[in-house]
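Next up: some structures, all given as C-alpha cells.
After this come two complexes, each holding chain A, first together with chain B and then together with chain C.
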Partner chain A sequence: MESPTSRLLESATPISQGAEAKVFRAYLHPSLQRSSSELQSNASDIREPILLKYRFHKQYRHPTLDTTLTKARVAGEARAIIKCLRHGVNVPGIRMVDATEGVLGLEWIDGKTVRFLLGGGAEDEDEDETLEEGDEGQVVKEDPLKEYGVSQDDIMGMIGSEIAKMHSADIIHGDLTTSNMIVRHPTPPKGVQLVLIDFGLAYTSTLAEDKAVDLYVLERAFSSTHPASEPLFASVLSAYKEKMGKDWLSISKRLDDVRLRGRKRSMVG
Partner chain B sequence: MPGKVRKRSPLQLPERPYIAIGLEGSANKLGVGIIEHGPDGTITIMANVRHTYITPPGEGFLPRDTAQHHREWALTVINDALKKAAISLHDLDCICYTKGPGMGAPLVSVALVARTLSLLYSKPLVGVNHCVGHIEMGRQITGAQNPVVLYVSGGNTQVIAYSQQCYRIFGETLDIAVGNCLDRFARVINLSNDPAPGYNIEQEAKKGKRLLPLPYATKGMDVSLSGILTSTEAYTMDKRFRPNRTSKGDDEDIITPQDLCFSLQETVFAMLVEITERAMAHIGSKEVLIVGGVGCNERLQEMMGVMAKERGGHVFATDERYCIDNGIMIAQAGLLSYRMGFQTPFSKSTCTQRFRTDEVHVAWRA
Partner chain C sequence: METFRYTHLPAAHAHAYVALFDHVSNAAHLRQRIVRASQLEGPEGDHEREAVNFAFVDARLITSILHLQTAIYQAILAKIQGSLRTKTVHSEILWALSPNNNITEAIKRFGVSDSTASLIVVRVGPPEMSDIEHRMKTLVSGDPLPLTDLTKLTDWFAVRKCYKLNADPALKAPGLSIAQQQLAAGEIVVSTVAMKSIAA
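What follows is the complex of A and B.
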C-alpha cells in the first residue's frame, strides 16, 4: 500500500463523493508547499492544487469486474481528455495518471457547476428541510450568475459550442449533464470559460448516432433537473448548430430519431 | 427554485375509512388487493391475492393465452380476496384497475372486469399507472420518504425520482427490460418458469463460480441489455460449455449454466446499481427503493445495500408479496388519487400499452 499514489491520497483533503469516484484536493509536492516562499516564481504551477479523482474499489461489484472496469475507465478518461486538449476543447489539464490504483490527477478549476448556477440544487426535499422560511428567500434570490458576469443565455451558448468542438474531434462524452460542466471563475489568466469535466464514460466515435445520443442525454438531464429550463436547451442546440456547420444536418436528423425512439419505449409494459 | 418552502402534503386525513379494490393484470400475474385507509392515517391491507399464469420451460407467455388465463381466474381471485377481507363489493369506495402500461390483451380483459363491477355495484372507477402503483406501494411498505426508485421488472427498467408532482424518469433501458433479459436467458438454458424464471436464475447463480467477460453497457443514466443477452447466449455455443455439469470451482476450463447465470446477474446488476448511484449523486438523495419483480432478487438487494452504505444511505426493498405485480399496489395508488378527487369516467375507462411513469400527475404529494 505504500506506493507514492497512496501516500498522495493520504495527504489529500476529501471534497465530495461523486457517482463513481471520490474527489480530493491535493498538492503533488506537499513538501514544497511548506517552503513555498523559497521557490522561484516560475515554479508556481507545482504550488497549485490539483484535483484527484479516485475510483475506489466498489464493494458491490465482483472484484474481477471492478478491477477491469476501473483500469479501463481511468485510462479511457485520460485518453479522452488528452484528445480534447489537442482539439482546443476546454477541459481540465492532466497532472498524473495511475490506472492500476484508479487515480487520475487533474488541473484544479475554480468555479461553479452549471447545475448550481441554474438553481437546480434546491430540488431535494432534504435540503428544504434545513432552510428556514424567513432567511431562505435572501439566500436564493442572490443571483450567482452576477458574480461571473454572464447571462444564462451566454452559458447555454458556451455549452453548445464546447460540445460542438468536442464532437468535431469525434469524442463522445457519454454523460453530459449540467453537473458535469463548470463555469470557470472570471479570474485571470483564463477568464470565464465553460469547462467540461468527468470524461469517465467518454469514447471515440464518428457516428452521428452517438453524437445525437450524447445530446439527447443532455436534453434529458436538462428536463429532469431543471423542469422550467427546457427552452434553454434550444439555445444550447442553436450554438451547437452554428459551430458544427454542415455536420449538423445529419446529427439533427438523428437526434429526432433518437427522441422518437426514446419515447417509443413507453410501449413496453 | 427561488423562495421554495417545504410544502405540506396536500392529502388530508380521511373523515371516514375508505376501502378500495385493485385489479391488476398487465402481464402474466392476475392480482386482486383490498386496502383500507383509516381516519387516523393508518393503512390496512385487507387482502392481497395473486394467481400466476405459468408456461412450460422454454416458453414465454403470449398475450392471447395470458388474457384467457385472466378471464378464467378473475372471479375466483376476486371472490377469494373479498372472503379474506370479509367485506362485500357494496362496502367499496372505488374500483381501481391497471390502465397501463402492459400487454394489451390481458389489460383489456381485466379492465372489462373492472367496468362490469363498476356498473353492477355503481362504484366509481380509477385507472392507475402500473409503475406509479409499484412506487406508491414500495413507499407505503418501507416508509421511505423521498427515495430514488429503481423499478426493475419483466417489462420495465427505470430509475425514477420524484420532482414537482411528477415521477421523473432519470434513466431507463435503451432496449429490453432486465426481467426480460433474465427470463429469456432462463428459456435458453431451459430453466423452469415456476415460480418465476428470474427466481430460478437467482438460485442457479448462487452455485456459479466463474465470472465470464460480458459487455458492460451504461450510457449516462441509461443501460443497454440486449447485447449482454446475446453474448451470454453465445457462450452456450462455446465448445467449453457443458449444459449438464455443475460448477465445482476446480481448474477445469469449462463453462456451466450456473457460471452463465452468475456472470449475467453480476454484470447486469452492477450496471443497474451504477446507474442508480449516478442518479443518487445527481439528485443528492441518500435513499433508494427497489420495486418491481426483479426487485425481490436478493443479490440485487445486497449489491444495492452495499452501494447505499458506501454513500451513507439506506436501501428499501420489499418481499415478493409487494415486489411482484399485485392488486394491492393498484388499490393503494388508486385510492390515493381517488382521495384527491380523481376518478376515471366510464367513457374514458380504457387501457393503454403505452403509459409513461412521468405522464401521471402525482396530486397527493407535495
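What follows is the complex of A and C.
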C-alpha cells in the first residue's frame, strides 16, 4: 500500500530540488465544508498551502542507516525551528511531520527570497538575466521591492536583526545564504517580515566562533551572488551588532579571525 | 458539524467529523460513561465503547481550527503507520495535543473533565457515516456551534500555562499587542503539536 505521505507528495507541485531534499507546495487539510450560506469558492480561499520538504532515499546508503539518518535530520530541522519560534525568530511554523517518510511540512511563506529581491534571480535562472529583457508576453517588472514597501537597506537591517535573535538563542543556522531567507509579502496578519528558512544544517552552540562562521558564510554568499550589493552587508552587521549588545565584541573578533583564515586558504588553494 | 475530507488517506480513516458544543451540561456524566465503557466486558461493553468512540477535547485549550486539524492529522498518520502511542486514534489526538509524553495527563488535561463547559467531539472514520452528527448530539447536551466559533472559546491564559509559553521570549518582546502575542503563541502551539511524534 502506498503511504499517505507519498500520496500527498504526488498531489504536490515541485518547487526546487537540492542535494538533500526535494521541496514541494501542497495542500494538507481540506477546506472547511461551510453551510450553504457560504459559497464554495469562498471556502476554498481559506485553504493555505504548505511546503513539503522531502528528504529522499540515498541509494548509496544502507537502507536502515538511511532511514535513521533521515529521521534525525527531519527531527533536527523541526527542533531548530520550534526553538526559533519560542525565541521570537521569524521562521516558518511546522505543519506536519512524517519522519519515517523523511517529510517535514512547513507553513508556506508567501513572499520572495532575498536572493530574488536583490536581483540574484531565482535559483535555477541565469545570473545575468535582467528584468528589462522581458521576453514577449512577459511584462517588464518594476523594482520588486516596491511591492514590499521596503528598501534594500531595510532588508539588510532585518537580516541582521533576525540573525542576532537566532544567535542570542544559541542557534547556529549553518547555511546562511540569500536563498535561505524570504521576505514575507506585506499582507495581514503577519505583514512584511524577514523569515529565515532551511534549518537542515542548524545546531545549537554558545560559541562565538560558531556564530562568527555563520556570519562569514553569509558574507561570502553576498559577495558571490550579489557583488553589487556587497557594501550593503555592512548594514547587516550593524543591525546585528546593535541587537547583540555586549556579545558582539567576541563575535566580531572571531569574525576577523575567520576572514583572515578564509583569505589565507584562498591564497593557498 | 464539519467534515474534514482527506482524499490522499485510505478510506477507513479519510474523514474526520468534528462538532463543537458550548454550555455543555453533562460533562461529568459523559466522563463517567467513557470510564465505564472502557471497563465493561462482552457485547454490552462493545456497544458502549462504540457509543463513546470519539475524541472529546476541551475547547478552551484549542487556539485555532489548524491546531485541531494538526492533532487529528498526526493521529491518523500514526494510526495508518501502526505507530500509535495510545490505544486508539481518538486518544492519540489528545496525546498529540499534549506538550508532554504522559498519556494519562494528556487525557486529563485535554479530554473531558467534570467541569468542561465547551467541548469538541471528533470521530475519525470512513466516508458516509451518516448518523454521526445525530450520535454526537445525543451524546452531548449543549449548544452546537459552527467550528469557526472555536477561537471565541479559547482560554489563552490556560493555553499559555499548558504549553509553557510564559517564559518564551517570543511572547515577551516589548511592544507586542495582544493580537501579536496570540499570533506568536498560536504558531508555537500548532508547531509543537505537528512535531509531537519526534519531540525529544
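Quick note on the criterion: the second predicted complex is superposed on the first by the 213 of 269 C-alpha atoms of A that agree within 3 Å, B and C clash if a C-alpha of one lies under 4 Å from a C-alpha of the other, contacts with A are read in each partner's own complex, and residues count from 1 in each chain.
The rule we apply is simple: a contact is a pair of C-beta atoms (placed from the backbone, for glycine too) under 8 Å apart; a residue touches a chain by one contact, two chains touch by 3 or more.
The structure displayed is predicted, hence computed values, not measured ones.
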Which of chain B and chain C A:65 touches, first, second, both or neither: first
Contacts of A:225 with chain B and chain C, given as first, second, both or neither: first
Touching partner for A:18 - first (chain B), second (chain C), both, neither: first
First, second, both or neither for A:159, with chain B first and chain C second: neither
Which superposed partner A:201 touches (first chain B, second chain C, both, neither): first
Partner chain(s) touched by A:75 [first = chain B, second = chain C, both, neither]: second
More chain A residues in contact - chain B or chain C: B
Partner chain(s) touched by A:183 [first = chain B, second = chain C, both, neither]: neither
Overlap of chain C and chain B interfaces on chain A (superposed complexes): none
Residues of chain C that touch chain A when the two form their complex: 2-10, 65-66, 69-70, 73-74, 76-77, 80-81, 83, 146-148, 165, 168-171, 173, 179, 183-184, 187-188, 190-192, 194-195, 197-198, 200
Chain A contact footprint on chain B (complex, rising order): 1-6, 26-27, 100-103, 107, 130, 145-146, 155-156, 161, 163-164, 168-170, 172-174, 177, 211, 213, 216, 218-222, 266-267, 270, 273-274, 277-278, 280-286, 302-304, 306-307, 310-311, 353-356
Partner chain B, residues of chain A touching it in the complex: 17-20, 58-62, 64-65, 68-69, 119, 121-129, 131, 133, 136-137, 140-141, 174-177, 179, 201, 213, 217, 220-221, 223-225, 227, 263, 265-269
Chain A - residues contacting chain C, complex: 1, 3-5, 7-8, 10-11, 28-30, 32-33, 35, 71, 74-75, 78-79, 81-82, 85-88, 93-100, 105, 107, 169, 189-190
